[in-house]
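Same chain, two partners: chain A is paired with chain B first, then with chain C.
Up next, the complex of A and B:
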């Protein structure tokens, strides 16, 4: 009996320890976000504790800061264009990988996921030298152009689309498509009326992950932006290299809010817990 | 008709089907191949060129950039610092991440989705923003120093900003979500009944963990460890912002060389960084295949 109690006590102790560390880890992950949000409401410029008072004036000041506004607009455009192109080329590729059996399928799948494996800074410098060579050899003014930036970001959003849509196709019941075709629907109609609605959650998730990974990308953009063209993450990085104050904290909070909103909207269509 | 039969039918369609498969996957393949393989090839070629101050890059076929990296203590120190930081972060991430991953995997309540979103949100917020949070904590008059002084633990503020400690703390926070999510998906695949079986056979929590959960979750542990290590090796924003201008790791070195217009050397460093990453990924895959072939 004593042995049984000892084991139960050990289990209880183990559970406390487990919960304690799990809670600490979650808090650790969230700590930087909590403090940046706190700082954005400080009334004084210097980030010293305890704050002298609280104010919302830094949020109003963002609108007047050109670098952040233009950075935000560029990042938004970039993320929208890149994730749209990513979906246009990525969804068919996912269909092909999930539905066809052919030699080299696994290799192609790995190729399409490759941009996620290559370090951002390495891919960035590689794309930069590629653009240099392209411009020298063809005269196409791609260096530091919006086209160059978009083509880089398309690369990093394709893996998300391929991965998430393939996963969603794997869980899709194909007998529904069979039934539609037996009832006389052609391939395109079957795709549009049966397959597409079925995998829509996967596509929504792909669009969201593409959008946020492009919007938040720093390493690729560092090499691909041109003079007078800065994305929001670069503007934030450059400001922080100089100083930290409530202005940059307010900008950060706007970004956090935007991404949180994107996640909550997506969560209505597909449970985030199931796709990450 | 079963799925296998459907798949077989598609194969039987022959030429037409092959054509439509190619149409579907073609555009994405071309985009990725042109966007990765060609640039990587050019980058590698650049790494064999020579750098002459004033002339920038001179066409050549030499290994001197790689030799320079491995013979100069300055660069070797940067390399070893990077590995040390990445390794430290990985170990701490594993220790801190496992309990949270376990809780997430075993939680059935409606809070589960919310908890996972709280882990994922920081992942997408961007490293610069998270560095800003740590700068608020670590500064001379930051939260940590003010708190420690007001409780009388220290008299003078600690110098945490611009140290290796600050960088390690920052990178751990960046990498933890990756570790937690990888481990969580593997633990979810481990049947809860085997844990209960271990307990009912008299195992304590500790021996249950080491003798049941750890071996069963090992593929995920290896995957998460490798991913975290790679991310640590390649960290850019965190070492730049929390380590300051004097603290150097590999990714900031690549960008710095590029800014100094020394493309050949920058290309060589970038290539070494990627090679380390790829070798580790391949090694981990082989290790897992050998262990789990049966």
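Up next, the complex of A and C:
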């Protein structure tokens, strides 16, 4: 009996410990978010504690600020276009890598995941130099264009697409494809009717991760934006250089809200915990 | 339904033959079982018929058509997979309808045919469920309905019962067999379970290492096995290693001299196979021309209707006798001195000992 109780106590202790560590980690992650959100409602211009009062004026200030509004629209466009292109390129690439054995398969896989490992600054500088050289040599107005920005962002979303779609293909039971073919479906019909619905969770997750990573990207965009073309993260940075009023906090809250909404909506269709 | 004709098909991977020179004709309406241990090539053979593996050599005919190089979707075969392979995102009804849709059957006709197929497997009430909401047995029956609904030329079954529990398996065996008979289906089933094979087949093919060892009825395989492998794989048997000593005598390594009826002359090492139910156990030696060997009961397993009596006859050999568990039948207990006896015709002798050659 004593032994049984000892084991039970030990187990309970373990559970407390686990919950404690998890709780602390959660708090550590959430604290900045909570403070930013709180700060965005302060009424005074220079943030200080305790707040003198609460106000929604900083949210109004976002809408009045053209740079934030146009930055938001550009970031949204950029994220949507880049994620779409990322899927168009990444899904077939993932299919090839997961399904076929060919020379250079491993190399291709690593190449497609590479942008994830290279620091954004390095990638940004490299692309910038490439764009400058291209423009000098061909005369194409690529420097600072939307096309240039999109091509850079496609690079950072592809690793997500390839990784997530490859993972969901690995978990896909291929006997289902054989069953479909046995029932009379050719390769394309099999893909459309059986494989695609099977890996859809992975594709949705890939789209969402692509969107989020493009929407929040700062370091790559810094080098690729042109005059009068600013993404939201850059607009925030530029604003911060001159002022530190809670407008920044309000913008951040909007951005966090958008990403959180994307996550929650995705999670309704695909359990995010299953694909990450 | 149609006849399936396999003519000398082989499948080679490098130097390794997964299937070697397989020739067989499955008659229209016949239930054929491919039986063998894992890796014997039986599943490869089935997959070649379904079109997932292309044979290296040989040809496959289904009815009058040569289907050797047709892709799977152009062959009219109905395959039931070991793990059922039901489409998880489609309902039972949609799963069963899939084959009809692919064949461009008019919508008005699909509904009644799906309902009919589901009624055949007694699942008419579960049409709107998703596969994950069904039990293993129900999933298995959906898979069967899905493979039957488009009237395939041949029904292929890849270990269809191995994921069911023992009791259910016995029921489904009978169900599949009845359905096959009622619809007059040509069916080819793959299994490693000899009991399953024996209860279901019209004809069995025993395979080992990519080759057909023997094809025939249950009785032929059991009573006249072609070699040591078949004797050991179909039914239970006691093997004694030794050699033939001429004049119809077999000398075992343990020193027994056994009278047998061997038709072929075998030089060198040989194996004698003795079916347990042909061996009698008695307290006194049997008289007449029968083989009779004294020994000591080492182990008795109680199987309900039957008893397996393991009798040690010398320090190298043990003979198993299977006796009916009936009133009045002599049932020895462990440690008892007994005599085991059998008629010369009860034993078969094969070349080789099945051990690695010395």
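The working rule: the second predicted complex is superposed on the first by the 254 of 276 C-alpha atoms of A that agree within 3 Å, B and C clash if a C-alpha of one lies under 4 Å from a C-alpha of the other, contacts with A are read in each partner's own complex, and residues count from 1 in each chain.
By definition in this document, contacts are C-beta pairs under 8 Å (C-beta built on N, C-alpha and C of every residue); 3 or more make two chains touch, one makes a residue touch a chain.
Please read these numbers as outputs of a predicted model, since none were measured by experiment.
S.K.: Both complexes share chain A, so when I overlay them there, do chain B and chain C fit or clash?
M.R.: With chain A as the common anchor, chain B and chain C both fit in the superposed model.
S.K.: Which touches a greater number of chain A residues, chain B or chain C?
M.R.: B
S.K.: For A:185, is the partner it touches chain B (first), chain C (second), both, or none of the two (neither)?
M.R.: second
S.K.: After superposition on the shared chain, which partner residues are touched by A:135: those of chain B (first), chain C (second), both, or neither?
M.R.: Neither partner.
S.K.: Per the contact definition in the header, classify A:197: touching chain B only (first), chain C only (second), both, or neither.
M.R.: A:197: touches chain C, not chain B.
S.K.: Just chain B (first), just chain C (second), both, or neither: which does A:35 touch?
M.R.: In the superposition, A:35 contacts chain B only.
S.K.: Classify the contacts of A:175 with the two partner chains as first (chain B alone), second (chain C alone), both, or neither.
M.R.: After superposition on chain A, A:175 lies in contact with both partners, chain B and chain C.
S.K.: In the superposition described above, what is the shortest C-alpha distance between chain B and chain C in Å? Please give a whole number.
M.R.: It comes out at 6 Å between the closest C-alpha atoms.
S.K.: With the touch criterion stated at the top, can you tell me which chain A residues are shared between the chain B interface and the chain C interface?
M.R.: Residues common to the chain A contacts of chain C and of chain B are 175, 178, listed in rising order.
S.K.: Could you pull out which chain B residues touch chain A in their complex?
M.R.: The contact residues of chain B facing chain A are 1, 3, 6-7, 10-11, 17-18, 21, 23-25, 27-29, 31-33, 35-36, 38-40, 42-43, 46, 96-97, 99-100, 102-103, 112-113, 115-122, 124-137, 139, 141-143, 146-147, 170, 172-173, 176-177, 180-181, 199, 202, 204-206, 230, 233-234, 236-237, 240-241, 251, 254-255, 258, 263, 266-267, 270-271, 273-274, 277-278, 281.
S.K.: What does chain A use to touch chain C in their complex?
M.R.: 173, 175-176, 178-186, 189, 193-194, 197-198
S.K.: Contact residues on chain C for chain A in the complex?
M.R.: 50-52, 71-73, 77-79, 81, 83, 85-89, 98-99, 102-103, 146-147, 150
S.K.: For a test of understanding, state which residues of chain A touch chain B in their complex under the given definition.
M.R.: So the residues of chain A in touch with chain B come to 7, 10-11, 13-15, 17-19, 21-22, 24-26, 28-36, 38-39, 46-50, 88-90, 92-93, 95-97, 99-102, 108, 111-112, 114-115, 117-123, 125-130, 133, 151-152, 154-155, 158, 162, 174-175, 178, 212-213, 216, 218-219, 222-223, 233, 236-237, 240-241, 244, 248-249, 252, 255-256, 259-260, 263-264, 267, 271-273, 276.
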